[in-house]
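You will see two complexes here that share chain A, one where it goes with chain B and one where it goes with chain C.
Presenting the complex of A and B:
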């Protein structure tokens, strides 16, 4: 689905955000893209959608170079940005103007999503709340039936019932031929939804591994005392929440926040485990 | 469904399915929810549910009829009990034993408690 090779990118020539970044993504997965503020999550997503252009390296999405912005590719990409603008029209006018760009747009599915998200119809988009707008573009994006779905912080602004609804909708949106990439800081909103973790840090991919691979190699658990085997730990109520090599083939639950902090703090200890 | 922190999600989903079989909500030869249906209901990644179903297939608790879906296996209840017993012995009992040891609880005291518990809850 996506092949990135030796990508170099920077908003200015002198300061590169990505240096020789390489990675491959395949269909049938929901990827969770994590990284600190300013690590380049949104920029990476924009590269994939052809919204910014790399200095060097190759980028291939569904066999196309996104920087060329060919319609045949763009109609297969649904990009939900974190910040967006909606015009002062009603939903049906918006759909009429935009759905035509997506030959596989499913009007019935769109109507179902509007109902599931509890989005009022007949109101001008500009008068909707931020959360309602967000849900609208998510519904529109999914209804395009695009093969590549890119979402930048989709749960920002969603109320509590909408977040649960979002998870249900995404669980049903994942098909064998689709690739879904979600960037987020709200790991608790999405931690059971993603099956592969991608972490961007210091100009490249610090970690890319499936939840299964991570929990095969690492064990996340509460311990009473620190010992040498622990890679990273944070104090908790009764001891520590710790990450350690999975010596005893335990099936622990991935703690994304703890993993995130472990990757930032102990990159050198984790690198050999995942290579 | 509220997931706990101390166990892999795919195993918690396996417990959920086993619970339904033990309680008789899903009976032998019943079709179990499709991977997608269960993923939507539990708000989890379909690949995680697939992993659960592969595990339960290996334990002969559910069977896969190609093209139709997953079904509760013939002697599913026996298989669930065997699977749950292993899990209890390996995962839960050591925690109980630890407390029994630390708190210096005698086995006859435990046995009396156990008998009362069975009488109150299951009236054999």
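Presenting the complex of A and C:
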């Protein structure tokens, strides 16, 4: 679905944010895009949506070049930005004006999502809280039935019940022909939701692996003492939460936050494991 | 699917843009109507209540009002159309609407050039019609027999009857397109203070352009005198040729500015 080859991008010509970035993303997956503030998560998503232009390299989304912003591709992209603007109209008017651009827009599904997110229907968009607006654009985006769903910090501004609803809805929204990319720095919000982790750090992709591959190759467990096999550890109440190579094929649950910190701190130790 | 232009998609885009842009548009139109009514009311109040006698100069305020306010109205509208693209949250939603860049650009032209000019002409015409009709009913005796014939003519003339372009009509038609094209470009070129920045840019550009032309003309023609001699080539209608020349020049400049605006829209990044 998405092919990136030797992509070079920077907001200034002298300082590149991505250097020779290459990656392929396929449908039927929920990708979690993680990285520090300023690592380039949002910029990578904007490149995919054609909102910024790369200096060099090729980028293909569903066979189109997103930089051309062709309607045939835009109909298949649902982009939920971190900051957004909604006009001062009621939901009905907003849907009437925008839904017609998406040939697969599902009004019944949209109504179901509004009910699930507990969004009052008759209210003007401008009078809604930030969280309600965010849930509305998520509901609208999913109802477009777009093949590529890009979400930049979607859980920002959502309360705790809404985050749980969000995870539930996103899990059910995944179909075989859809690709969902969710960027966040709140890694715990993506627990049990994503099936592939992409980590951006220092101009490139520091890690891209499925949850299964990660738990096959790494073991996340609590240890009492440090030893040489441990790649990265953080002190906890009863010892350390550690990441170590999974020599004995143990079953362990992926700790996204621990993995995130491990990649940032011990990139060189992790790279050979995933290459 | 045609990724450049589709009439149905263009119609949807116009509807959607009206939802976003319509409120600003109607407010500006309301303000414009209010100001025109205020000017008419202030200038003609004494006449309408019979306090003053009618004089031919009483309606002279209309021409500067039409030109200055008309200019302000169409430039303010044009200057605000793409202005939101300078704001990240609005730009993302707008750029990702599934319509082509060409359709988005055409929608911009429709709202800023055609609709704004027609709307201004219409409100000016309506307000003038109302006030002048009232004035005519107050001063029905202001009919006189003109010096040549016997046909009576009213001195109280509707604005568009009095100012109907008798010549250079095509230039009157193209000028609003040219003016709005400049301010539409300004609205996408600058991220903030679009109107002021565009005005300053136009002043600087016109200044430089004027300076170059004056100096070039001086360099070419200084110390020379024009010699008129009989030529075998005669121009039948010099006014018509001048009109065609000026029209083509303005049209070309407008087309260039539109092309630049389209390119800016195409390359707009967030």
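Going forward, the second predicted complex is superposed on the first by the 275 of 275 C-alpha atoms of A that agree within 3 Å, B and C clash if a C-alpha of one lies under 4 Å from a C-alpha of the other, contacts with A are read in each partner's own complex, and residues count from 1 in each chain.
Operating definition for what follows: a contact is a pair of C-beta atoms (placed from the backbone, for glycine too) under 8 Å apart; a residue touches a chain by one contact, two chains touch by 3 or more.
Owing to the predicted nature of the structure, the values given are computational and were not obtained by experimental measurement.
By the document's definition of touching, neither partner reaches A:235: not chain B, not chain C. Once chain A of one complex is fitted onto chain A of the other, the partner contacts of A:194 are limited to chain B, with no touch recorded for chain C.
In the superposition on chain A, contact is made by A:171 with chain B only, not with chain C. Look at A:122: by the touch rule set out above, it reaches neither chain B nor chain C. Counting the residues of chain A touched by each of chain B and chain C gives the higher count for C. Judged by the document's definition of touching, no chain A residue lies at the interface with chain B and also at the interface with chain C. Of all the residues in chain C, the ones that touch chain A in their complex are 1, 3, 6, 9, 12, 15-16, 19-20, 23, 84, 87-90, 92-93, 95-101, 266-267, 269-270. Residues 28-30, 164, 167-168, 171-172, 174, 192-195, 211-212, 215, 221-222, 251-255 of chain A are the ones that touch chain B when the two sit in their complex. Taken together, the chain B residues at the contact with chain A in this complex read 3-11, 36, 39-48, 51. Those residues of chain A lying in contact with chain C across their complex are 46, 49-53, 68-72, 74-75, 77, 79, 81, 83-85, 87-89, 93-94, 97-98, 100-102.
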